[in-house]
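The chains carry the letters A, B, C, D and E, assigned in the order they are written, with residues numbered from 1 in each.
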Amino acid sequence: MNYTKQIQDIASKLFTEGKIDIFIGYQQNSFDDNQVPVLITDPAEIPKLVFSDKSVFNLTNYLKFEHTKNKRVGLVVKGCDSRSLNLLLTEKQVKRENLYVIGVCCEGVTDDNGAKAKNCEVCVMPDPVVYDEILGNPSGKKPYRVDPDVAEVAKMPLVERADYFEEIFQNCIRCNACRHSCPLCYCSKCCIDQETSTLYNGSNTVSSAVHALLTWSMHLAGRCVDCRNCEKACPSHLPLHLLHKQNEKVIFENFQEHLSGMIADDRGAFYKYNQKDPDDFIM
Amino acid sequence: MIRLGYLEKNTFLEAVNKKSGANVLNCYQCGKCVSTCPVSSYMDYPPRVIMQMIKLGMKEEALKANSMWFCLTCSACSGRCPREIDIPAVMEAIRHIAIEENYVNKTKKVKEIRTFHNIFLDMVKRYGRNYELRMMAEFNIRTRNLFKDMHLAPKALLKGKITIGHEHVKRGKAIRKMYAMADKLEKSQKG
Amino acid sequence: MTKLTYFPGCSAHGTSEEFDHTLKLVMKTLNVELEEIPDWNCCGATSAHVMTENLALSLPLRNLVLAEKLENNTMGIACASCYSRMKSTKKYMDEHPDKAKELTSSVIDEGEYTGKVEIKSMLQFCYEEVGVEKIKSLVKKSLSGLKVACYYGCLLTRPKGVTQFDSPEYPMSMDRIMEALGATAVDFDYKTECCGASFSISRTEVVHLLTGKILEMAKEAGADLIVVACPLCQSNLDMRQPDIEKHLGKKIGIPVMYFTQLMALAFGYPEKELKLSKHIVPVEEALSNIGKVVETPQQPTKTKKAVPSAESEAK
Amino acid sequence: MARVGVFVCFCGANIADFVDVPAVVEEVKKIREVKYAVYYKYMCSDPGQQIIKDAIAQYRLTSVVVAACSPRMHEKTFRRAVSEAGLNPYLLEIANIREHSSWVHQKNKKAATEKAGDLIRMAVAKSIANEQLHEISVPVTKRALVIGGGIAGIQAALDIADAHIPVVLVERSPSIGGRMAQLDETFPTLDCSQCILTPKMVDVASHPYIELIPYSEVIGLEGYVGNYKAKIKKKASYVNFSLCTGCGACTQKCPVKVPNEFNMGIDKRKAIYTPFPQAVPNKPVIDAEHCNMLLKGKCGICSKVCEKGAIDYTMKDEVIEREIGAVVVATGYDLWDPKPYEEYGVGRFKDVITSLEFERMVSASGPTGGLPIRPSDGKVPKTVVFIKCIGSRDEAKGIEYCSKICCMYTAKHAILLHHKVHDSRAYVFYMDVRAAGKGYEEFVKRAQVETGTTYLRGRVSKIYKMGDKLMVRGEDAQLGQVVEIEADMVVLATAIIPYKTNPALARLLGISYDKYGYLSEAHPKLRPVETAKAGIFLAGCTQAPKDIPDTVAQASACAAKVCGIFSGDALKKDPMISVVNPDYCSGCQNCVQVCPYQAITTEEIPITRGSKETRTVAKINEGVCQGCGSCAAVCRSMAISLKGFTDSQIINEIVSI
Amino acid sequence: METQEKEVKGSVQSAENPGLTAPADWQPVIIGILCNWCSYAGSDLTGTSRIQYPPNIRIIRVPCSSRVDPWFIIKSLQATADGVLISGCHPGDCHYIAGNYYARRRFLVIKNLLNFVGYHENRVQFSWVSAAEGAKFAQVVAKVTDDIKKLGPLHRYKKENF
């Protein structure tokens, strides 16, 4: 999966035709073989652009910042990224006409150790669902699979599971990098920001971390596209995907196989309902 | 008189629904099936009444009737049923239940119908295909009515309508194995 | 030349040889090659589904599996009963792949079932794949003057969910084909009533009643002959007609022909190819109407109406 | 610093017997914010209320907690008392220590006392976060829009107009009257439909408070209760109504004949026509689809014969606007097309007709002069079979529901047939006879006994032709036998279905409709005329199948509802509704999605003060919001809060225990 | 909420922290959030009918079950509550047309999520109680109280600094 050349060509064409102001892509890290996102405004910088299975980050995150808002942006999306883009479009956070989207049919990215990333193992949609131009050959939708980590944790006895999570929550330092890196966390005021209100979380304690993380994952339930930007950003390396994948599993199994961002104008699972939704858990 | 009262579980209804894939409870007794059915006048109880019997759990009466044996599976009724009940499937289901549980109607007419079907299946078992003349003859022998339809035979033979010789499936073994295995499967499903 | 997998059914080589024969003639004219399923077996109609469950599914399934070995997408079936059994089995198997797997692995020993072959009755094939226009273009000898009652029976169009072909109550496909051949199709309200085929041998009195009514209605509708697309219908209507006449105590004398016989005739094959001698009720008189001028049928003579406005075609 | 006063009620012995009230008061006094706490025998009594009023003044209370019975009982009483003492009424909180403590823990006084203390603590905590709220006042435009000029629309319009409220009545066809104008006589009294309807039609035309806009359609509705703006498209009639005298010369001379839809196509009308002789307004319109002049530019006869020069071939559709405060939807019903009943030969047999065709035939002013005739040969039928439930109660071919009126009109038709053709014989195939209504069962009996109509229980399976007779085969389930009837004519009692444009109209009005296309009422039992959208009401068959008495009753109910809205200059509303903080709103519009009342729209605001660039934020329409709080719960950025139940109020309650 | 007066023999284990116990006569705190139109009215009916139920529940009134943000539940569990009961109108009966359908989806997900991270599934329970079901409300409260008594006190993530 190497589209460096194609993406450079498309980017320079877009700049020459004056179609975009900014191009968001990946560039090589200077100190290791990983890649970091890059925002290009000067066509001279185009040779920096690369794309390979190291192009891990979900670039749609950068659409929420002030310097890309209301600008004409070209960007590269993989399958999962395009799903978050779909949701951003549905939730009116970006204007489609401002975007030029290069969709890549993803063959899976690698993690820091060069192994196939864990979210790619359970990926349901490697092909872009929104794009202006598509690179690679679509391989189609994949059947949904329960995340193996979630399944494993769910198997633990209650007390063990509670202890397991307590340790995770204790390591949260409330830096909010997770929220910052999530493309779908675009609210100008967030309920897990500490300064917002003491009502919502208060001090830097375990209980406030629990409160913040659970509330945050509820806000992403039925919306999260499993790009795992949050996990990559977390300095404490918390397995945040456990929360999201657990919610995704419950939602998929109970709400007509809802998967977020797969179709245009399909809002999150909590913004619609079906009269036949499960009712047996209610007395 | 039929006595009705508290029925803990209508197992007959459940069995029929399961086997047929239809839901007999949908029936609202409009009778469209009865006047549609070409043979309802031959039946002990017309389809509408059979439906009601199933609903009331009158297993014995329904299974002992000759109704389902007269069903031609012409599907005219189900095509007109306003509640979209697959009536032929229901008839087939109670026919099979009657066979399994030994409730089969004992009258001569039903016996003859069953004899015919058995001869037919035997014929297919033996040759893989059926053959009308032989079937007719065998039927007459088994029902001890040697001369039934015999007046047709010479004319039909003469006209070449029916022929004397007949073809077999080449791999007759495969057919016989199929019979045996299907029978085995049936038994294992029941058990 | 297009290829079509062909399932003749047991009666094609027995009572309905003329159907099989003329079908092959017609297909030749239509430039269709019939490929018979090798070593096919009886589909089990009309007895297997009455008595058993697994066998009733296995008999047709074996044919379906064998048919998949020929590389045609479509299978044509001559007999309506066979068609119904095979198509409903296919529908069941497509909806219950587990059952298909169970049967192909344990009961039938001929390979996998995938469900790739589509099933059509020969009438359906002529109407849908060939088309009325093409048939019309191939007519060499118009059948004008011949008034036919098209009889479909139960299983060609019913149940709707299985056959997915024409109307279950008042189908018109055969009528359209007959009109394409130049014949006049009369309004025939009994075209889908059951003839009692499966009681042909065991309960003949039922057949007499049902078939008698159909014959009477066809006569009433003013038809010269009845056209059918099923060997069982044909043998009931034709072979048993003398008995029925005795039963009713009156003469009917309406011949019963296969639609393929009339097609072959219109396509220019000589009459001897139609194997007319096989008919119990003679056909010759009816066929002699071909070419005669007939008054337009079915238009009721207009009497003076109470109110002029009622003339309008309200519906 | 909040200053809370707590007033605990004994409720006679109801509370005091099971809760140690003085102890509770002592406990409550320990709360920092509580500046005053007292108990009294009956807080809701005048002296009790006086205690509260006095304390508010004396202790400069900023909020009040009354611990007594359920807020559903006396919240209004105490709010009034607080308000009379000069405090904002929404600074009151009730602690429900009767229904939730003393009455349900009668065997455990200690626990009940503790619980009462906790409940009061919660109420105090909540009251600290209470804000001053003010009743919302929405100004209203006192004009009603009635959509549909059938009997429902006519009745609603007349009732509203009689209360001196202006009404705009929009009718899509050239004349009002609707389905009822097509009927001959009406069950169960057999009075002539025209005789009771036409006076009302004339009243509509001459009523000073009714603006009748015929041959028009509503194409847009904006706003909310009391403040709607409707867009109405007036279809080009090509006749200048102000010049036309309705003399009828044009309709006589017009050379084009078209099937007459008013008579179900039994006879013909001209291309320029009035739908029926008693039409209101009695002015012709040109049917543009068939007029030679409009289609081919040739003819022009009507223009030549019109002495007043009222014909104007250049006329165009026109859109007008009306400001209105409430809407009554009365679009009526349509008939189900029985084509799927192929077994009955529908479409093939001309003598198988629908009940409305039969109705037009037996109508004295109808195309056959009141005599039923066979469309095939013009003969008068002697044996007529009526088949009920055509399309109704038939999931396979039609619809699941019962059309409600067919049992009665079929009985009527049997009687009318007997009146018109004395030696006739009527058979009715039925599944049930549903004659629930005043005088209905008696009416069916009249059909069965007086006219000798034979009722057979069963659905007909097939109709076929024998010569010029129709053979009708069905089972008589009572006999348990199949019967065949030799009939001259068959009348199918076809189902009634909602008008096909209902879904589009519902979307346009912002109301909901069911799977059949009937418009949905707000509550099936208790709010049968309201829709979920305030200020829009339903009358007649647009909501569900109905007979004339029910339709008229519902129309009058609509009128009462409309007059209720217009009874003051402004609508008063509870202030406990949602409010958006635009600074926090990120504009995701998920709240718009979940709002059941379409009360949330969006607006553009500058990104920063004075900036030209804008961003989209949610906006709540005070007039429409009902205060359910769905939006507040789905708002991730806390931009929406529900007044009276804000996050801080609820969290204060949670953490105060 | 201190109910124990004298030493009682035996103790209750916390389901999530088996090491932590409470005396056998320990009384849990349950927060009940009820919708105004059905469940709150139903609980009033329980009172007017004088049907008795355990005194552990503290009721909060909201207009509709759809007003219940999942974090009210999290907050309750971090405050004094040992269990939470949320009750609304039966499906199809919502005073606000469809509020409870939206709420039901969130409830299912939060219930599973809380269980996933280590809260016993019975800590948070839901019911539909109509305004006519006074007796049902009493039964529901009795069941929830009973369930939570068995689970013992909740210790995880309690916030002490309110």
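Following the convention adopted for this analysis, a contact is a pair of C-beta atoms (placed from the backbone, for glycine too) under 8 Å apart; a residue touches a chain by one contact, two chains touch by 3 or more.
On a predicted model such as this, the values are computed, not experimentally measured, just so you know.
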Fewest touching-chain hops separating chain D from chain E: 1
Chains contacting each of chain A and chain B, listed by label: D
Distance-maximising chain from chain C - centres being C-alpha averages: E
Computed distance of Cα centres, chain C from chain B, in Å: 23
Between chain A and chain E, centroid-to-centroid distance (C-alpha), Å: 35
Chain A and chain C, separation of their C-alpha mean positions in angstrom: 61
Cα-centroid distance, chain C relative to chain E, in whole angstrom: 69
Residues within chain D bordering two or more other chains: 343, 462, 594, 634, 647, 651
Set of chain C residues in contact with two or more other chains: 168-169
Residues of chain A touching at least two other chains: 191, 200, 270-271
Contacting chain pairs - touch in the sense defined above: A-D, A-E, B-C, B-D, C-D, D-E
Chain D to chain E touching residues, read off their complex: 70-73, 96, 98-101, 103-108, 110-112, 114-115, 118-119, 122, 522, 532, 576, 594, 596, 626-630, 632-634, 642, 645, 647, 650-651, 653-655, 657
Partner chain D, residues of chain C touching it in the complex: 167-170, 187, 189-190, 217, 220, 300, 302-307, 309-310, 312, 314-315
Interfacial residue positions of chain E with respect to chain A in the complex: 15-18, 70-71, 74-75, 78, 91-92, 98, 101-102, 104-114, 116-120, 125-128, 140, 143, 156-159, 161
Of all residues in chain B, those that touch chain C in their complex: 38-39, 42, 70, 72-76, 78-79, 86, 88, 92, 95-96, 99, 109, 112-118, 120-121, 124, 128-133, 135-136, 139, 148-149, 152, 155-156, 159-163, 166-167, 169-171, 174-175, 177-179, 181-183, 185-186, 189
Complex contacts: residues of chain A adjacent to chain E: 150, 153-154, 158-159, 161-166, 169, 191, 200, 202-203, 205-208, 210-211, 214-215, 217-218, 221-222, 242-243, 246-247, 250-251, 254-255, 269-271, 273-275, 277-279, 281-283
